[in-house]
Structures are given as structure tokens and as C-alpha cells.
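Have a look at this one.
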Amino acid sequence: MDLALAVGLQVLTGVAMLVIVSLGLAVVFGMMRVINLAHGEFMMLGAFAAVLASGAGLSLWVAMLVVAPVAVGLFGLVVERLLIRRLYGRMVDTMLATWGLSLALVGGMTMLVGNSVSGVSAPLGSVAIGGFRTSGYDLFLIGAAVALSLGVWAALRFTRWGLVARGTMQDAETASALGVAPDRVYAATFVAGAALSGLAGALLAPLSGVVPTMGAAYIARAFITVITGGAAILAGTLSASGLLGTVSTLGTFLSTPVLGEVAMLAVAIVLLRLLPRGITGRVFRRAL
Amino acid sequence: MTAPPPLLATEELTMRFGGVVAVDRVSVSIAEGELRCLIGPNGAGKSTFFRCLTGQYRPTSGRVLWRGRDVTGFDPFRMARLGIGIKTQVPALFDGLPVVEGVRLAARRLHGERESRRLADAALDRLGIAHLADRPAGLLAHGQRQLAELATVVAPGPDLVILDEPTAGMGAEETARTAGLIRELNRDHAVVVVEHDMQFIRAIARTVTVFHQGRVLVQDSADRVLTDPRVRDVYLGRAAA
Amino acid sequence: MTAAGRAALHIGAAAALAAAAVTVLPGALELFALINATVWAAMALLALSLAFAWGAGGILCFGQTAFFGLGGYAYAVAGINFGDGALAVPVALAVATLAAAALGWLMFYGRVGDVYMGVITLTVTLILFKFANSTAGEQWRIGAAPLGGFNGIPQTPPLNWPGEPDNALTPEQVFVFAVLCLFGCYAAVKLVLLTRFGRVAVAIKENELRAELLGYDVRAHRLGVFTIGGAMAGLAGVLFANCVFVSPTMFSLAYAGQVVIWVLVGGVGTFAGPMAACVALQALTAWAGTVPGFDPNLLLGGVLLLAVVAVPRGLLPTAQSLLVRLRPRPRRRGAEERPMAPAE
């Protein structure tokens, strides 16, 4: 019984991690149909922002939950202005440009801070549930994933941006033909995506070392989740995270974390053979 | 003895998008060597019907028959291999390649290199664009693109040619010329033309199938269709809206 | 000039260049520089493999390094087990080819779009990178060959003459072999483009729908192009394994990015451009690596950004069209043709 609970909690944590890691990427993909290849580096910047802010004396919670998303969101605004805006409508070029940005950010950060690992320790200690103890921070991450999902849901449901985003997700061509996706909506999307990526990096900073190259550790998972989910931002992320998080956690449980990730990739590729536009390309088509 | 099956036929063909029924139980048959016009106002479902015939859409229900054989749900390349030449509404050309290369490749699937060259030259001549052979397709003017695509479509000698709005964006004079061209093509191939231009239908003057709200409204000779009050209502109703 | 004539001219020029390289360089270069030149030849072959898949077939593969690394690893593992490098080459080629065919089948027959294709291929190489990194320890061995985790397989066996396992190739001979492979693949892709298969592949890149409506099976052609590209990348991996040794780096994001950069900078749609860009950028990053405090990733990222924003067609095509524009031209005949009415 305790084992079942422990495994269940592990799976939930795994799913929550995927949601956190993928949501920023999914927001940009759902609206703009491009994959931001600098997503991992946006996470890295968020992690550094949190580490620096908490090192400067701010509370870790403020550093993680406020400073990181705001800082990376602002950075995203600059990137959108200087780079992404020039490439609207050129999806492949946009992806290539974000790849260039990714390499440049890794290189630039390495020159600034070097290759040494900095970090923050996980707050919240451990919590007893029934007969076993679990990390309180894991429970916090599950809560954070739920809160983020609710936040994105509310934004999609109740804001003007959300209205446009929903139109675009269901039928990109018609939406753009109707002129409902002006530059400002795209810009807002990119900034929101960047802020979510930054927040994700900060949230994961206590679990892993913070280094300029840390983004590479997460992007494979995020890419797989987003393309498996398809264009619907929330339904796609949640369904794909649920499926793949379970696969990878069980794989990890049975073998090693890396094999868990290999299993996740295998499932995702087979799934794409069956549903080339991701889960939400076929089922949940009208979902958010 | 029974009559041979029609060249191409649909039986109760239906295409739904979510709650919208774009094509509603349409049964149409095209005979060997026929020239048929499918008309209807915008939104009547004729373009969706076209895409079901070419394999770009998989119909929700109903059947597509080629010489009596069920070919429903074939991919476009398999439809083409049956001997159907397809011209899309927005000309689809190999923009970076010389016009003649595209026409040669059209013939090359069935013929050797030498024969393909001959067929390509013949097709370009037939459409009067031999002088454009070496120009990259992407640099052609709009009307030239239409002709280049027609050459690509007819070069391999298909049994049936399906054209989607070949006069889109043309003036009256070009429309009349294209109508003449299509009648000329009909000497060698059965032709189905999807159109909404009434002038064009008048110039072609053959059997016309009128689509309205996803169904066949009337099917008759051009003369009678053009004077049919229901057809006029459908078009005027649209025009007034 | 006909397409065949142009191809013959290009292949002839490449043959002359390759002949010059194999006669002059082994004598002129120090051993270290010669091995470096071999690495560059291997990388140029990797660049060519993507230039073919992307430029000729329109296949956006961000993870060409997957087949490069698989070829290298398969060569090392088979070589150690057989005790014969020459026998390992066909094994390596088979592994890379089959991997490309399997991945290609999943992608093209699922008809996934461009963006998905780029991301899937990149993800595959990223996961292979992680997997290779995690194979440290005794339990990770294939036959006699330990996979070595982060360290790779330092005892990657050298190539030898076929049938003579004890007669290893000298570095000079490996260099000659690499140049011959590069030239052979260049000539091969040039010739492939003259066949119906190659011409249809290019046509598919130009307009997928039109090719399909002409009765060509787009999926099969894409699969063919992708598989040929994967096989060439695998051969590049074999060559690389011979002058360095195999390690997870071969799958890494930085390598995957570089291949894309070479092709993009050299010009998608050309073969010579990406190979030249490969050599030039390798030289540039090697030099940048010696500048204290400088990180070559910054340079690569900057080059990629610049290429996308400022020279989207790549250097070779841009240079070519500049030359054409500078050349005096007779007035076009046919300027009197009246363009028909514009599209709606």
C-alpha cells in the first residue's frame, strides 16, 4: 500500500515536472506553431535570476516566483522585438534563429559566470505521508503545476489574448485571414512563454545544479511533450505530460532515469506515427 | 450485355467538417470522353467535392468509383496513377525549376526519358507556351502559370482531367480563350471543370451539374441550366447577400 | 549547358581538388595537422549528408548527428568485437542506414510537418546523447566492447586493409581514404540528382502537392533521400571515429547545431557551399577556442543568427546571384509579353 502510494506520488511528481518544463514552450507553439529552441536557455536564465536574487538577500520564494519570470519575460520582450518579429511567417527560420540564440546564450553565460555549478537548496524539508517520507518540495511542485495550469486556463478563457489564442489553435489559417492575430498578440504570447520558461527554470533550480548548459538537460523532454500534445496549449500539455510522465517515471522506477526518457521518446514517436499532429490534433480538438 | 461502368462516379459521397456537412450524399457520374461542368456559388461544396475526387480529402461516407472500381480514400498519388490529371485552383508548380522540367517529370513516371522530352515539348506547344520552356516556373505571370500547369497535367496523357476554377482571376477575353482550350483538350481526354463563372459555362456549353448547399440542385444541358429559375435564384440570392 | 554536363563539370572539378589534396597534403602537413584535416573531411561529409537531405530533399533534419554518432559507435563496437576495422565499416553503414530508414518511415509515413520533423530528429539525437552518457560501468558492454559512458570508447580500433587485421592504415592512408569517401559521396549525390528519383526528390522539395498529383509517392521519395543522407552521415561517423574516437559528444546539441549552421551558411540547395562553410567554420571555431575566455558557442550562435536574419539563402547562392547581377545581360526577349490578370 505504501509502495503504491510512493509510486503514485512519484508519477504525479514526474507529470508535474513535465507540465512545468513544457508549458512555456507549449504557449509559444500553440499560438505561433514554432518551437522555441532557446526554451532551455530561457529556463537557464530563470534559474540564474533566482539564484542571483536570493543571493542578494531576497526571499527564495520571491526570487523564484516573481524575479525569475519577470526577468526572463522582459528578456523575451527584447528578443521578440529584435529577432522574432523580423521572422514572422517564416517558421523554419524562426526556429533556426532561436537555435542561434540558444547557442549564443550558452556561450555568453559561460563567459560571464564560468562553468562552475551554483544552486540553491530545496526548501520545505521532508514530509511524512503514512509510513514514508517524501520531499516537501516535490509536493510543492505538484501544486505549482496545478496552479500554473489553472493560470493558463484562466488566461485562455477570460482574456482577449486567450480568445485570439483559442481561435488560432483551432484554425490558424482562418484566424490569421481574419486578421485577429496582430503583432501585439504574438508579442504577448512570446513574452508569456518566456516568463513561463523562466519560472520553470527557477522552480527546478533547487533540484539540479545551475550551470549555463543546464537547459540541454530539459529540452528533450519539453520538446517531446509539446509535439506529442499538439497545438492545444493546455489540453495538449496536460494529456501529453500525463501519458509521458507516467511512462518515464515507471521506466525510471524499473531501470534508470535515462532509460525512462528513452521509453518516453519511443512512445512519443510511435504516437506521432498514429497521430501526426499530436494528441490534440485528433482528439480534444476543441479543447483549450 | 451491360453498359460499361462510367469513367468516374460518386455514390452518396458525403464530407463533414465537425458539424458542417460540406458535401451531402452527392452521386455524380462522368462518362468516358465527357466534358462536364460542376458549378455552384461560393460555399456550395464544389471545391470540397473536388478534393474528395483528388484524394486530398477522405470522404466521411459514400464511395468514389473509377471504372466501377472502389477507389474511396486513395491518396492523391494513387488517384493520379489511375490516369487522372489534376489541376488545382491556385496553380501548383515547381517554382524553382524550369517549366519544361516539371512537364517532363509529369510524363516521366510512365515513359522513358526520350519519350518524356517529346511529350513535354508537345504539351508546351499545344498550350502555346513553348517559348517559356526554360523559364523558372516561379517567374511566370498568373495566366502563364495556369497554362504551364495545364501542360503539366495533360503531358502524360491522362484519361480524365479535373480542373478546379481554371479561370480564377482571368478577364472576360482570357476566360473565353480558356473555354476554347478546354474544349480542345476534351478531344483527347474526359474533362471535369469546377467553376463558378456563368460566362465560362456558357462558352463551354455542355452538361452542367449545379451544386447548392452541398447537394446537386440540377443536372442538365447548359442551355436549360442557364435559364433555370432555381439556378438563377441560387446565384442571385448569393449576389444579393 | 545540360544538367548532366554541369554535373560532369562539377564532379571533374571535385576530382581535381581531391587529387590535389591527397598528393600534396600528406607530405606538406605535420601529423597533427593531417589528422585534423581528416577530421575536417569527415565533418565535410557530415555537412554534405545534410546538404543532400535538406537541400535536395527539403527534409528539415536537425539531428543529422544521430546517424553520425550511431555510425561511429557501431564501427567502434563492431571493430572491437571482430578485431578487424575493415569488417566493421559495413556494419556501421548498415546501422546508420537502418536507423535513418526506421526514423524516416515513422516520420514520412505519418506525414508529420516540417516543424515536427526538425524537433523529432533533434530530440532523437539529444536522447541518444543522454543515453550514451549514461552507459558507464561494466553492465554496459556489447560483446567485448564497453560503451564507456561519458568517456566514450577510447580504444576505438583503427581501420586496416581488408582481410589484414594486423595491417592498420597509417594516418596518411586514413586521410586519403577520407578524401576518397568525401569525393565519392559528392559524385554520388550529384549523379543521384540526374536520375528520375533525384529529379522527383527536388520536385517534391519545390512543391509537394504537385509531385503527389503527378502520381509520385512523396513519402517513398523522402524516405529514400533521408536514408541516403543517414548512410552518408554514418560513414562520416566512421571516419571521425578513426581520427578521434567515439564519445557521446558525437550526438551532442553543439554538433547537431553546427551541421545545420554549415548547411545554412553555405546555402541550402548547394553541396559545395555547406562543405566549404564546414571547413571555414571549423577553422574559425578552432581559432576562437584558443582565445582565452572566449566561448565558441557564442560565435556559432552569432553566425547562425546572422545567417538567418541577414543571409537567409546562404553564402554560395547569394554570391552566385550577385555575380549574375553584375554580369552585363542582353535585353530579355519576351518582355513584350503581356502578363495576364493578376491573381484575385
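A, B and C are the chain letters, set down in written order, and residue numbers restart from 1 in every chain.
The rule is short, and it goes like this: a contact is a pair of C-beta atoms (placed from the backbone, for glycine too) under 8 Å apart; a residue touches a chain by one contact, two chains touch by 3 or more.
The UniProt protein names, listed by chain, are A = Urea ABC transporter permease subunit UrtB; B = Urea ABC transporter ATP-binding protein UrtD; C = Branched-chain amino acid ABC transporter permease.
Being a predicted model, the structure only gives us computed values, none of them experimental.
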Ordered by label, the neighbours common to subunit B and subunit C are none
Centroid check, CA-based, most central chain -> C
Taking each chain's mean CA coordinate, subunit B and subunit C are separated, in whole Å, by 42
Per the C-alpha centroid definition, the whole-Å distance linking subunit A and subunit B comes out as 47
For the pair subunit A and subunit C, the C-alpha centroid-to-centroid distance in angstrom is 31
Touching subunit A in the complex, subunit C uses residues 60, 62, 103, 106-107, 109-116, 118-120, 122-124, 126-127, 130-131, 133-134, 253-254, 257, 260-261, 264, 293-309, 312
Residue set of subunit A touching subunit C in the complex reads 33-35, 37, 83, 86-87, 90-93, 95-97, 99-108, 110-111, 216, 219-220, 223-224, 227, 256, 258-259, 261-262, 265, 269-270, 272-274, 276-277
Within the complex, subunit C is touched by subunit B residues 54, 75-78, 80-81, 86, 88, 90, 92-97, 101-102, 105-106, 108-109, 131-132, 141-144, 146, 152, 156, 168-171, 174
Listed in rising order, subunit C residues that touch subunit B in their complex are 196, 199-200, 202-203, 206-207, 209-218, 334, 337, 339-344
